[in-house]
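Quick one: the structure is below, and I'll ask about it shortly.
For reference, chains read A, B, C, D and E in written order, and residue numbers begin at 1 within each chain.
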Amino acid sequence: QGKQEAPASQAKVLRVAMECGYAPYNWTQTTNANGAVPISGSKEFAYGYDVMMAKLITERLGYDLEIVKLDWDSLVPAVQSGTVDCVIAGQSITSDRMQMVDFTSPYYYASIVCLTNGDSKYASAKGISDLAGGACTSQLGTIWYDTCLPQIPNAKILPAQESAPAMLVALNSKRVDFICTDMPTAKAAIVAYPNMKILDFAGSNDDFAVSEEEINIGISVSKKNPELTKAINSVLDTLIVDDFNAMMESAIAVQPLSN
Amino acid sequence: MLSIEHLSKRFGENEVLKDINFQVRPGDVTSIIGASGSGKSTLLRCINLLESATSGKILFHGQNILSDHVNEAKYRAKVGMVFQSFNLFNNHTVLSNCMVGQIKVLKKPKEEAYDAALLYLDKVGMTSHINAKPHQLSGGQKQRVAIARALAMQPEILLFDEPTSALDPEMVGEVLDVMKALAKEGTTMLVVTHEMAFARDVSNHVVYMYDGKIEEEGEPKNLFSRPKSPQLKEFLSRFTKTDQSNDAT
Amino acid sequence: MLSIEHLSKRFGENEVLKDINFQVRPGDVTSIIGASGSGKSTLLRCINLLESATSGKILFHGQNILSDHVNEAKYRAKVGMVFQSFNLFNNHTVLSNCMVGQIKVLKKPKEEAYDAALLYLDKVGMTSHINAKPHQLSGGQKQRVAIARALAMQPEILLFDEPTSALDPEMVGEVLDVMKALAKEGTTMLVVTHEMAFARDVSNHVVYMYDGKIEEEGEPKNLFSRPKSPQLKEFLSRFTKTDQSNDAT
Amino acid sequence: MSISEMNFLQRMLYILEQYSGSLAKGAATTMVIAIVCTALGCVIGFAVGIVQTLEPKKKDNIFYKIILKVIKLLLTAYVELFRGTPMMLQAAFIYYGASQVFGLNLGMWQAAILIVSINTGAYMAETVRGGILSVDIGQTEGAKAIGMNHFQTMLSVILPQALRNIMPQIGNNLIINIKDTCVLSIIGTVELFFTFKSISGALYTYFEAATVILIIYFILTFVSSRILLAWENRMDGPVNFDLATTDTLAFTSGMMRFPRKAKRRK
Amino acid sequence: MSISEMNFLQRMLYILEQYSGSLAKGAATTMVIAIVCTALGCVIGFAVGIVQTLEPKKKDNIFYKIILKVIKLLLTAYVELFRGTPMMLQAAFIYYGASQVFGLNLGMWQAAILIVSINTGAYMAETVRGGILSVDIGQTEGAKAIGMNHFQTMLSVILPQALRNIMPQIGNNLIINIKDTCVLSIIGTVELFFTFKSISGALYTYFEAATVILIIYFILTFVSSRILLAWENRMDGPVNFDLATTDTLAFTSGMMRFPRKAKRRK
């Protein structure tokens, strides 16, 4: 195993995996506009919140950055096998997952919202109790699906969707009444689907109850590489919530959808 | 009963049958002889509507079969055909080969079909093999079953296309014997054959085809002993040449 | 040259060849006759090692071919075989069919192989068809090419397994003519055949097989005119029966 | 013991134990869809295959000829389109597209079975056409000669033989369907592969879950193919038949030849 | 105009324009992998198929017999295993497993080609075996009879004919590979389907992107299958041959029969 990490430390390259297909966290674009980073083994570029964060971390730690474009399903085996050094792809930190990989401290705190169609009877919902009995879904392997949806009384929870675009298709085709996701994804979605409406219950006392650490999004690193976790944490510790939010705002501003 | 008038057939550029005229009366045993490629099979296939003739008439009991209003399937059921390559249904047993047509086409009840099948299988001496599948039979046995299958439809005329030429020499006899018996019973038959002995001794009319035309026809005795056209002479000489040596046996 | 000693062959329970003994001297033309299933083909296939004999010896120039130390391919190249179903290589032209063995097995240079192929194709009268693929030939033409292919390997002995029984009657003659010519030139031949005329007139030795055994053998004249065993008598009578009627022609 | 302290095998067992219900359900869903859709696909394939082998005769009605031509063209388009594009996208279009554009809400199961069936059908159509054409033309002529019409000929003579010829291909399709059902996760079908994703997504035990799933897939496909093989052999029927009396001629040449050829063909 | 104001068609055009490079690259990757792997798969399939049709003779060395038996068993296991399990999991095991367990770092391209090839090989092995057995046994006997050994027989006589017989199946495999390459996104191969995911994930315009991709897939598979068909026809060679002199016998019966049969077979 030492062998695999050797090239990374020698050349000082940090191999970061992400989907490059999940705006505004990460996406693929054809130019290096706004400071996008080349995708390894391709002529395309990746940008988005995750890429900004990766750039910041590598700059501070003195690494060269290599973005590896991988399917969502392969992010875990890639980091576990040492094919990449870490995954910055909007993964939520759960205790189950922490048994298998190390997570850094959170690099974003995502507030949870619901999305519905503008003409839906749920469009005027003021809290999760107003969503009672609705058909809903969300993305596979997220706390949105595993923790939030079950809190809605009598909700008809359909099988999870494997990606954000697929979950939006399910909503747009009225297969479900609403979906649960985080604010950045929701904001991106309403650009493509202007008739959708964000239901943000934050501040009311009828919101999803999630523990602080569950909504945290972290960077996953192999358990065999605790030094890297420590190093990344040393960078993240210097940032505060406002820094995260500002960075996210600028990512949303330049995402492909906004043009 | 069957009357062919000005029948012709072309495959693309190739005119395979040219203005064919001849008649079959009930009880006739007609043999068609001729070189390979002269159009014998095509003629038989046209009569049985397996090929559609280009022009001309085929009259069956006075009705033109080639007109639009004829029920092909019904006509075919009345005209039995025995092929060189047997064409038994591989997925049916011997018995079922002889029953399926009666049941599906003639709509006979099963018991009746069974009885008829057994009757004709007995006639060709194949009752012991009723449960066999075609691939379990020898060539001669297959052909005998094929004859029984055709007979079971109680056709008014039976067409044979070289029924023995795919058989081992030993098995030729058993099939010819069945055909001779049928001829004796007065079955109307139209036989394409290379067995000159059969053509001469069993049939009462012989048609010689050459290059898509009927070159010569008549009573077998006359045709074989006094062939008029040089082509027929040439044709017959080929057979005597091969068999010559046997004459001395 | 070739000597078969106590050869026997069984397929599972079924003993197909039982203690076969006979010899072929250079220049011999031996015909093997017998009923279907009597083991004629199996005997030929054992000689050419297409089947492995169960016991016994096959001596070729005194050496036992069935012993472990013989190079099968080399032996086979010296023993040509002509099959009932031709078995020409479908993916090669006529010319290439006659060349491929010379080039691959005998390692002859291409030009030499070409010349030899043309020589033997000329012998069987097929030079005009050298560019044809097998499916473009008639049965008789295929068999003539198959003979040329075998000859092109310059074998010491040629085996024929019913070379004419898959042919239309008209084409039998052209193949037999080629075989007669070969016999006249002194080619050593072992021929399984149903053509009694050939067996009697061309070969100098006839072997009659019955039920896996050699029931009778000898000079053709004697064998045909004075058959000893009742089986052979029965067997020969079947042929005369079918041909009888031709005698009068 | 916490999962982080377990070794590979223990984790596999842990997954098996924890998720045995989901795994069983996923496997069952996969198999039901695969079997039902292979069967329906065969029916579609046979229907399309039969139409594709219809040849209008000269004396047929001109309308019949035109309609046949159009139908054949449409069927060819169907076959090419469904064979040539990814099933996952077809699924998305049929399931979500139908409800978005036509307001037609197919149930998930209906949609799943519809999609996989018409896909299998597209593949089978070509196979069936090949199967029908591989049956010797003499069989058709034999049937025609005793007066059977096209439909009777097909049903009593050609199709049973074609079916036997394409059995291996049907088996292949079943195995492909068992595996390809995974793309149905796009419409929310919880089959075996979806179960795997759920497990590996929740626990991040990718390789352990993958090994478990791999074994299950292997068992499903292996057992299926063995069953199909046994069925094929049964379809061939017994090698020998009951002879009412013994016929030595049939025995020495006719009958004995069959096992010889059959053996070579295997 | 912002994307939210566009209609369906405009969005499709926008995607085509914005991502033409990615789409072209994705399509190229897909085709390269599909073609290379189908070719390599055929080679593997032929190798395995030939070994599977080897029959030891009685007089062969006992060691040879045992080794052949063992090799055949292993090959059967290979075929069953790779045919029976999802390629995505195989890809994950080979790519990530090799680097985790053996420290062997395959390049992404090497891994992709390896995986799809051995998968295709497993499918082709059975096809080739069938193709070899479908060549009339008389062809082998004809070759043996003039002294060719097993290898020469295979190379000069049997395989060329088997290849012709299985061409349609090879075409099928190519089309399947074009579509199945999508599972390689698990190891980071950016082929056509992954490109689709990126576009739909960046723009959240699922159906528009799906339509574009569907059309591209259709073009790729359709063109491929037409090319293969043309190739097949070329392999059959001309219907007629050059006759050094005219031979009427061959013309009336021998030659003319061929197109007739060929026509029926189509």
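General remarks:
Going forward, a contact is a pair of C-beta atoms (placed from the backbone, for glycine too) under 8 Å apart; a residue touches a chain by one contact, two chains touch by 3 or more.
Because the structure is predicted, anything quoted here is derived from the model rather than measured.
By count of C-beta pairs in contact, A-E exceeds the other of the chain pairs A-D and A-E. Each chain's centre was taken as the mean of its CA atoms, and the one lying most distant from subunit B is A. Taking each chain's centre as the mean of its CA atoms, C is the chain most distant from subunit D. Mean C-alpha position of subunit C lies 48 Å from that of subunit D. Averaging Cα coordinates per chain places subunit A and subunit E 38 Å apart. Inter-chain centre distance (subunit B to subunit C, centres taken as mean C-alpha positions): 34 Å. One simple way to say how far apart two chains are is to compare their mean CA positions; for subunit B and subunit D this gives 43 Å.
For subunit D, the set of residues that touch two or more other chains comprises 92, 96-97, 100, 206-207, 210, 249, 253.
Residue numbers of subunit C whose C-beta contacts span two or more other chains: 36, 138.
Of all residues in subunit A, those touching 2 or more other chains are 73, 77, 80, 166, 169, listed in ascending order. Residue ranges of subunit A in contact with subunit D, taken from their complex: 73, 76-77, 80, 94, 96-97, 99-101, 137, 140-141, 146, 158-162, 166, 169-170, 172-175, 223. Subunit E meets subunit C in the complex at residues 57-59, 136, 138-139, 141-149, 152, 156-157, 160-161, 164, 237, 240-245, 247, 249-250, 253-255, 258.
By the touch rule above, subunit B contacts subunit C in their complex via residues 35-36, 138, 165, 168-173, 176, 194, 196-197, 200-201, 224, 236, 238-247, 249. Listing the residues of subunit D that touch subunit A in their complex gives 2-4, 92, 95-97, 99-100, 105, 185-186, 188-190, 194, 197-198, 200-207, 210. In the complex of the two chains, the subunit D residues touching subunit E come out as 80-81, 83-89, 92-93, 96-97, 100, 130, 133, 137, 168, 175, 179, 182, 193, 206-207, 210, 213-214, 217-218, 220-222, 225, 264-266.
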